[in-house]
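To start, I am sharing the structure in question, which I have written as structure tokens.
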Amino acid sequence: MIQAAEFFQAPVVHIAEPGGDAALFEVELELPGLAGRCAPGQYFLVRVGEGVDPLLRRVFLLAGASREGVVLQHHASSPAEAERLRALLQSSWQLDAFGPHGTAFAVDDARDALIAASGVGVAAAAFLATRHLLAGRAVRLLVPEEMAEAAQSLVEAVGDEGILVAHFDLPLEGPALEARLAAEFASAPGHAAYAAGPRALVDAFAAAAARHDGPAQVCLTDSTISCGFGMCLACVVDTPAGRRRICTEGLVFDAAAFR
Amino acid sequence: MIQAAEFFQAPVVHIAEPGGDAALFEVELELPGLAGRCAPGQYFLVRVGEGVDPLLRRVFLLAGASREGVVLQHHASSPAEAERLRALLQSSWQLDAFGPHGTAFAVDDARDALIAASGVGVAAAAFLATRHLLAGRAVRLLVPEEMAEAAQSLVEAVGDEGILVAHFDLPLEGPALEARLAAEFASAPGHAAYAAGPRALVDAFAAAAARHDGPAQVCLTDSTISCGFGMCLACVVDTPAGRRRICTEGLVFDAAAFR
Amino acid sequence: MPPHSVEAEAPAVDLRVSVGGVELATPLILASGTWGYGPEALPYLDYSRVGALSPKGITRHPRAGNPEPRVRECNGGLLNSVGLENVGIEAFIADKLPLIRDYPTKRVVNFSGSSVEEFAEMAAMLAVAEGVDVLEANLSCPNVKAGGAAFGTDEGLVRETTAAVRGASRGRPVWIKLSPNVTSISTMARAARDTGADAVTVANSFLGLSFDTRTRRPVFANVVSGYSGPAIKPMMLRLVYEVARELPGFPVVGLGGVMEAEDAVEYFLAGACAFGVGTAALVDPRCAGRIVDGLEAYCRSQGFERIRDLQGAIVR
Amino acid sequence: MPPHSVEAEAPAVDLRVSVGGVELATPLILASGTWGYGPEALPYLDYSRVGALSPKGITRHPRAGNPEPRVRECNGGLLNSVGLENVGIEAFIADKLPLIRDYPTKRVVNFSGSSVEEFAEMAAMLAVAEGVDVLEANLSCPNVKAGGAAFGTDEGLVRETTAAVRGASRGRPVWIKLSPNVTSISTMARAARDTGADAVTVANSFLGLSFDTRTRRPVFANVVSGYSGPAIKPMMLRLVYEVARELPGFPVVGLGGVMEAEDAVEYFLAGACAFGVGTAALVDPRCAGRIVDGLEAYCRSQGFERIRDLQGAIVR
């Protein structure tokens, strides 16, 4: 379901480093009353600073939403870039943010969940996990080894009885991850399956989900988003179902779109 | 006397707005032990932010120096630009600052002082006034009307028995100011005379000082400084004594240089 | 007669401009390529405050465009190598044009041919398509037949292409969008004017490239890309200034790095009669409304009742 | 044999490069106009880590240059209209050259003539002046006799001027500094190469202008100025890339917007054999040392023992 996104001038409550990846950072924005309209897989387009460098908006993925506001995570191009953007955020009282934007995961919380995530995708996965946990379902969250600790702390913030964090020590490219994911699917029949991360993870997940008997969706978190408003065609990808603009027709797609 | 300037990474202690001119702002930097080397009329070349906009360093005039550090004032091109630079300063823990740079006023504190100042020049004037007050001399500080309040508060910070702030409500360009300054000189025979402000004030002061029987020096606070290191020739002015680079051979000159 | 404004004290500013006989409600033109085909930008702006919309540039046949990545920021500018992905002229006329025909603005259709003949063929199709107000030939694309050099960098080709488009346009206004990568922009503008152009758009993006120093590969598959945005404004202003000075009275649409109303004022002072906004859309599609409002406020503060009087209004 | 480094584990990188036979200790050249005549920069850098110094550009007679203001920042770039203020060639040779003759670097003397004859006359003087290692003719200045168009924008003039300077240089190396404001930079580079240039410097600043929208006046008295700094890097890289591709093996010194070591690496990948640093000096004259150190670290991390092997080392 696509929520009507809006432009907000949102005060910055807190800036933090979630850990696991020095290019990642987290921002809490004061946006009361928006939680109901925010769903996992969606994002905000944030203008960092008011100058010409950085120029374009940055994708800040939704990592959580509460009565007071939203928690977002951004994956910068490098740790140095993350530090630069963080410094600019510190100096702005209010952030020009457009969202909640893009398609969201259709959360089937009548099923247990299997979630694979990497990088900033782990934040979307944690948000997703809460929805299943609140419905009393079990969640298996699979992340790369270096993200395990960060995933654990995200999950602890949510109260983690029903959630199990497992990790893999495999490159995202190559057949090994696809095989590992296929094994995960085999031991999770009928589960609601989700993936959130860079294209390599999404491709491996979509391939492994071929014979899965439950819903399988993907969220492309590390694509090159330029305008984010569906106007410039910089984010277009080829899918079996035709050319899609990730920024407006995604970030969430059915896994079949990437088989 | 030209102090050997150095590059410092100086923590920002405090950022304030002195008032009187929305394009002015003040920064306190933690630079212990530098007070002895800082003299009125000198400045720091400060890199604001680390990006390409702003690109060149900005002139931050010395407004005071203590055991803990220095107080500097900057005159931005507009109130909006001042706000932009202030926000960038807030986000930097440490400032890349080069100074104390440029020539300084030769303070003749055996004489009472007559000081004319405008804009950011008022900060240099206050610093100068303290040197005369500490030597038990009287100081007459002449500023434009809109700066009177700011000058008063700067002076109060210094303990103001011996100092009288007078103000003029005249444009800096045109003969009226020169006439007023000539009258001031007439009633201040033998005083040490100083001016700090934009070129128009300096020219009027230099002309009025023609028949003054005491030392008269000027400090050009609003020139277009580009590199500040004497290399690019963007700040060159013609003076009767030949072409001078304001950034390294100034900001302080003998008043005769502008007659 | 300018529309009489309700707020008595703040006299309305007449925002209408004419570009070679084409009347625009305001001088702001949405540049081709950064506002989609038109509907994508609808939620973010009021088309009645937009002088004209240039949809995504079209080619004779559909193009998938270049591989990823297609955009890269660099020091206050934007490098793009989208590669003119578009639905092709047939699908544009059949599917896209009908969607924007009723927008309260003018439609300046930007098209790129891979040969002079193809430019003429496309012009003939656009000349009879309903809802096309202006034909804008993009001469800043490679001439495939002649080894790929851009049409806009060869004076003879500019004459030949303009004449061919003029000949096929059945009287519809023809604007020629020039390439900025030339020694003498006024020579190219004169060539276009003398072979029938009603105005020139100055200009398309500069050629630029960038390497990823980690992988030591070019950022883009095509290596060379188009450079636009704030970083190119001073150079584009100089190009507009030269054309306006060398061809007095000939209409110039100026664009390159317009983000705020003040940037647009500089293009007027340089001699442009209207201006385009491209890269700024990517930063904030609401910028169109903000810029026109800012221009209105600027005219009031400077005592201009008609915005067109700003054109070339340099104080010596 | 590269100088053996003391720290055994971190193998020293051989930073020497050759530009058309001129051996430089490192590939970094201090570009003309932003480092003064040389002594002004001494407190901020170690000249033994600088390949060459180009002092402020000189003209046949002293010039006071343009009125204030002479510099204006704009969106990540710098506009300058200093107007070639300089002491003139006689005073340069008599008073300035002696000060830098013993610096542990090469001296690339940049000079601008107002006619071909003047270029030749100046070249003859520099050919016999002690301490001049390279003559760099700045063709990006206006040809006063021929109405002020820059030498570097006319192929015939490039040939004539290069030949005249070559003829008068008594065998001293001649570099031709080209104008970037041209349709085909490789045509100009070929013209210089074929008439005796040992290398080309690509390039001088782009033409740009800016208006003060409050006063509606041009910022500079001369209206048009030179645009440099980070904002021009992608365009200059494209020019260097084109010259290196069209004239394989012909030495190119690339410059424009180099602020950090990574920027210099891009110029090497584009095909330059050395690079210049101009505007960055104004921001921080210590940048020269920082950039060379950064390049050394980059070569180590990428496994290059000799920096010259970086030239054109693109991974396809």
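First chain written, first letter: the chains are A, B, C and D, and each begins at residue 1.
In this section, a contact is a pair of C-beta atoms (placed from the backbone, for glycine too) under 8 Å apart; a residue touches a chain by one contact, two chains touch by 3 or more.
A quick note: this is a predicted structure, and the numbers were derived from the prediction, not measured.
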Exercise. Steps needed, at minimum, to get from chain A to chain B via touching chains?
Worked result: 1
Exercise. From chain D, which chain is the farthest off, judged by mean CA positions?
Worked result: A
Exercise. How many angstrom between the C-alpha centroids of chain D and chain C?
Worked result: 35
For this session: For chain A and chain D, let me know how many angstrom lie between their CA-based centres, rounded off.
Result: 47
Seminar exercise, completed: Check: chain B positions touching at least 2 other chains come out as 51-53
Seminar exercise, completed: Touching at least 2 other chains, the residues of chain C are 75-77, 230-231
Exercise. Should the pattern of chain-chain touching be classed as line, ring, star, complete or other?
Worked result: complete
Seminar exercise, completed: So, in the complex, the side of chain D touching chain C is made of residues 74-77, 79, 153, 181-184, 206-211, 213, 215-218, 223-224, 227, 230-235, 237-238, 241, 257, 262, 265-266, 269-270, 298, 302, 313-316
Exercise. Across the complex, what residues on chain B touch chain C?
Worked result: 52-53
For this session: Could you pull out which chain D residues touch chain A in their complex?
Result: 75-76
Exercise. Tell me, which parts of chain A touch chain B in their complex?
Worked result: 50-53, 84, 87-92
Problem set entry | Parts of chain D lying in touch with chain B, wherever the complex brings them together | 33-36, 40-41, 44, 56, 64-65, 68-71, 73, 75-78, 80, 82, 85, 229-231, 259, 279, 281-286
